[in-house]
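Consider the two complexes below, in which chain A is the common component and chain B and chain C are the respective partners.
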Partner chain A sequence: MDNQGRKHRILMVSDFFFPNFGGVESHIYYLSQCLLKLGHKVVVMTHAYGKRSGVRYVTGGLKVYYVPWRPFLMQNTLPTLWLTFPIIRTILIREKISVVHGHQAFSTLCHEALMHARTMGYKVVFTDHSLYGFADVGSIHMNKVLQFTLADIDQAICVSHTSKENTVLRSGISPEKVFMVPNAVDTAMFTPSPNRLSCGEIVIVVISRLVYRKGADLLVEVIPEVCRLFPKVRFIVGGDGPKRVRLEEMREKFSLQDRVEMLGAVPHAQVRSVLVSGHIFLNSSLTEAFCIAILEAASCGLLTVSTRVGGVPEVLPDDMIVLAEPDPEDMVRAVKKAIDILPGIDPQVMHLRMKKLYSWDDVAKRTEIVYDRAMQSSNTNLLDRLPRYLTCGAWAGKLFCLVMIINYLVWCLLEFLQPAEGIEEVPDIGPLLTHLDPVDDPCEAQGD
Partner chain B sequence: MKGVGNQIRCQPKWRKVAYGGRQPGYDDNHTDGSFLEEMVMNANVVKRDFLKVMIDSVSISQYLCIVALVVSTWTHTLNLAIDEITLLKFDIGLLLVGFSVLLLTTSPFSLKLLWKYVLNISFFTSGLYVLAPICHTLTRSICSDSIWALIVFLLLVHLFLHDYSGSTIRPPGALNNPKLTSNISLNASIVASVLVASRLPSWLHVFVIMLFSLQVFLFAPLVTFCIKKYSCRLHLLFSFALMVMALSVTYQLHRMLFILLLALLIFISLVCPYWLIRIQEYKFEINGPWDEAKLCFDITE
Partner chain C sequence: MPAWIVFWRADTMKKHQAQGISAGGVYRYTHRREGGADIHDVFVEKSASRLLFSYIGAMLLLANVCYALLKQESLCLSSFWCVPFSAIVAKSLQYKPVKKESLMIMPGFGVQLEQHFWSGRVHRQFVPIGKILKPVLNECVTPVTCYWSLALLVRNEDKITLVFKKLHPPVKMLVPIWKALCAFTSSDSITSPS
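What follows is the complex of A and B.
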């Protein structure tokens, strides 16, 4: 490609970032780190977390703007449409951004930032990390917002093929615009234990939030049955949530206190030490776009048993995972199958395979291609873009147009009150200047 | 598309997997025939037929008639066309009829249940009797127009949020709890009854009319629910009788009200079912691998 060597200046926007922890947060963090290594400039923008407000630097000189907006529900900022424009505009100009990359469909900050960035003519990329339904009121609402954001987007990224299908259906965007770039796992952090565990007792590890969507109710049915069938099996359950009470009730009811250990919430730094104490990892999610937890377990050399939902079947090769339908009987069957094939599994071999299958550097390179594509898309003015919004629906289309027109006027007002020339630009420091030539990468072999 | 030539010779087939990095020869936005092939459309759509929808809508018309009858009774009492003793006799009659319907339709008949009902009703009645003098003077300082407006508003809320498929007061042994909206609806009707009662001339009037309205609002849905469960034919017959009664009573009361009620009944039992059947063809339901899995067993907390 002609603009292969071109360096981007990327702004990652999401409501979800460190100190919060989860799939989206670690995706943004690792992706940013690897993009920095590739010589791009990356700045992250999120909302303030408690006292953590203002500009911070994290590992590798990654600059994070904690915008002083308070979250109001599930770590989301209040949707204000135009009120975030001044600060987003200032950051975009200060950092001389070229691509704005928003993450997660239910982050209001992400949607607003993408809207403002489009108004100002920046290239925008969006990554969708979750699956949504179509039928309930919440989903219908969310899908309309997504349709608005994706109506005028340059490129979109989804974390699995199933997620791509879901996003295309929800937003009506053309599938050619949607790239599948998966998550990855930090294989250096999730290593198997150096000495192999004895097979005298089989330990099944569960680490997930104990909520309905993660299938905690399935666990309540599966654990006693597995304990009854296999006297050698022991469970370690890490995680907390509203369904923890049910699991504890189950433990008392079947007198499994000595065989089911409940750890409560496990900090991410200790996840590895919990994982390496087990042989099998059990995931009982009811919906999952990708599931990083499976990757972490596989990287630690554990055999995974999982429900066949969402993007999970795409995540690992068939010989590294045992899939089951999300009903207790089939899951017990899958656990039985996993216990049967367990002697043939070598954690070290599994770890080495994972190293070849997933790396964040590969993810960063693939994302880089998406940025290159986004930069190639033509510049259009507001009048050319309005019809794209108008096609979003009979009422919604007109409403979206109105929102964009007002946003344009707000931009004009801001340009008048605080001209772009008056905003001081930040000098580039750190890795950007030292890595202007492409860096060699250990995972070069994976490309073409 | 420069790789088309050697695609046949050495290129591995594209697979729908996320592992192993970029698939050689394919871009990440590669979309082929397998895209959306697991999508299922309109898998669980129920075909409705007109007659069934019409019969289902009878429950709504029936309850509307009950409310119309209550409003007519209120109006007659406020105009002092019915005196309190007649109304009291009517109350007792209604209570006995309701009771017998309940006992006949809920099998098996048990003395314990009957005793429980009798005890509850007597507590309830004596409570009302004690509270009647307070209700009598409750809204004295408020002008009548605001009260009428409020009553109309509350009744509309009541009708709008009413649980037409079940009953807020559960029959013995019912599993699930009533929903929030049906509770709001019941409360709105009770406030409306208190407001009406507070405009009456004597506290005996107040007691009698309160007893009447509460009986209807609390127990009529339960009684009709039991009838419906017992026999559908009886339910239709009963509803039809109620409709005729409500129409004739409102006809005597006010011509405008009669026309309004008639129009509403026609709208509910003819226009709405037709409308529902018509918009069925626009039904568009999508299912696929991205759906949240449903548990195949009951979660009992």
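What follows is the complex of A and C.
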């Protein structure tokens, strides 16, 4: 492995990044921070958020390009196919990138960047963070796009084994190319409360977006039943979304105002303070590739009750989680079981176990191996790659080939209009350790 | 803000002398001293092919407009198509009207930013020394490209003042100018604390 120890120059591309918040965003952020610590160069590219456009530096000297393309739907940029090529090419050249790493299957910017990077002969890695179906119209189209992107990818990463299986089935990529690198949790940020809560009243915490996918409808049936069975149980529900109205209706109907507290949207910085006020964390998702929320809850020392969907059973050891089928009766049973085993749970011990199990440094090291592997893959020219697209489908294959050929021509045109040598490379500043150096040193030297 | 500035310390700019001329594609940079003032000029090099191209484009546009005028009796769909097309052509062929942009550093007073147009018009802007907080080199991102620009942080203004408003000279030309500005602002702030 001659590539071992080699430093990569990575461009992370996704439509989802800070100031937006969610699993993908924090994954990119923490992974980038840990890769920077390992000595790699990391640059993030995303679209502009409101007035946040241009180049920004965040913690640790992580450089973020907010490209001024307006998002049009669910924070996605309009799929333009070739219009983003000039800026992506400029960034790739000026930052001397070696590996392009795209995140999330429904980020159009990510797909476009990977396509352009492949055309230009860069190594590309893709991380899939979600699970999708196969049958509905949206999924069918999404899967076609994914198939196109993954047809010619060097390595792919999935966040759980279930997610890997899902991605392989959806995109037809060879399973040998797919790595499983789980998410992690910042255990330093999610610590249990120093003094143990009394078990006189049991508080069940729910923090999730109140949408169909997160199982808000299940909550509507589970909460009244649990309240009926256990008079000592209280609920705290954090999060907002279209299903919030249903939960409030439920609260009115069963007169549970004093036992179900609705917090509305909880900023990520306050998630910990909400979590530590409870004993049990309830996750009712209907589909989930990994679920960082469970990790955060476990790291805060909460016992988790969750639906057995997607990658959830892989996340925690059996004694830290109670799993249930996604139907109300079974979930009520699981909550009952959790209340029974609750006295045997020590939050501090749980936190220490989580600390050993999950860390972003570990994720970064595993991702590094994927990059090493990607760098070892052979260079191919356009003619070698076209047959890979042809196998994607009778019509789609030809369409994909056409798109790639046009993309290649666009690249040639760009090379003619603005040769790569004409693009200035950006010097590396590294981690901002030199921050306190006297800046005006050279100026004084110039002065005399 | 100054974080990224640090790396420019000693590397690139050894070659910068009082009369240095660096040619870089479309732009040419000269530095001269006149009556105590430090003048940094950035010229646009007229490329023959581009000029020819713009002439041909202008002719085509003229022909197009004449054609539309002559055919005025039949207003049809193509004439609607014609208008935005002409506008796009006109926009893309507009040859950069700026001949040169210069920065004049007057020790003790401030800096003057000048834009010289081909028409002979000159646009001048004076920034007094007391109002300059810091010169910065920053990166601009547009939907299609990225470039460096030199800007001044000016006291009591919420927007930065660009030194070169129309031209985007390469960073190797901007660095000596930035250094000169740094030297100018830091030396003056020592002698006359404002």
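Criterion: the second predicted complex is superposed on the first by the 430 of 448 C-alpha atoms of A that agree within 3 Å, B and C clash if a C-alpha of one lies under 4 Å from a C-alpha of the other, contacts with A are read in each partner's own complex, and residues count from 1 in each chain.
We take it that a residue touches a chain if its C-beta (ideal position, glycine included) is under 8 Å from a C-beta of that chain, and two chains touch if they have at least 3 such contacts.
Given the structure is predicted, the values throughout are model-derived calculations rather than measurements.
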item	value
Chain B versus chain C as contact partner of A:Ala135, first or second or both or neither	first
Partner chain in contact with A:Tyr358 - chain B first, chain C second, else both or neither	first
Residues of chain A touched, compared between chain B and chain C (which is higher)	B
Touching partner for A:Leu169 - first (chain B), second (chain C), both, neither	first
First, second, both or neither for A:His161, with chain B first and chain C second	first
Chain B versus chain C as contact partner of A:Gly54, first or second or both or neither	second
Contacts of A:Tyr66 with chain B and chain C, given as first, second, both or neither	second
First, second, both or neither for A:Pro86, with chain B first and chain C second	second
Shared chain A contacts, counted only where both chain B and chain C touch the same residue	443, 446-447
Chain C residues touching chain A - in the complex, by the definition given at the top	2-11, 13, 16, 25, 138-146, 148, 170-172, 179-180, 182-183, 186-187
For the chain B and chain A complex, residues of the former touching the latter	16-22, 24-25, 27-29, 31, 35-36, 38-39, 285-286, 288-297, 299, 301
Partner chain B, residues of chain A touching it in the complex	131-135, 159-163, 165-166, 168-169, 175-182, 213, 215, 217-218, 221, 246, 286-287, 289-290, 307, 309-311, 314-317, 326-328, 356-359, 362, 366, 369-370, 443, 446-448
Residues of chain A defined as touching chain C within the complex	53-55, 57, 61, 65-69, 83, 86-87, 90-91, 94, 418, 422, 424, 426-429, 432, 434-435, 437, 439-444, 446-447
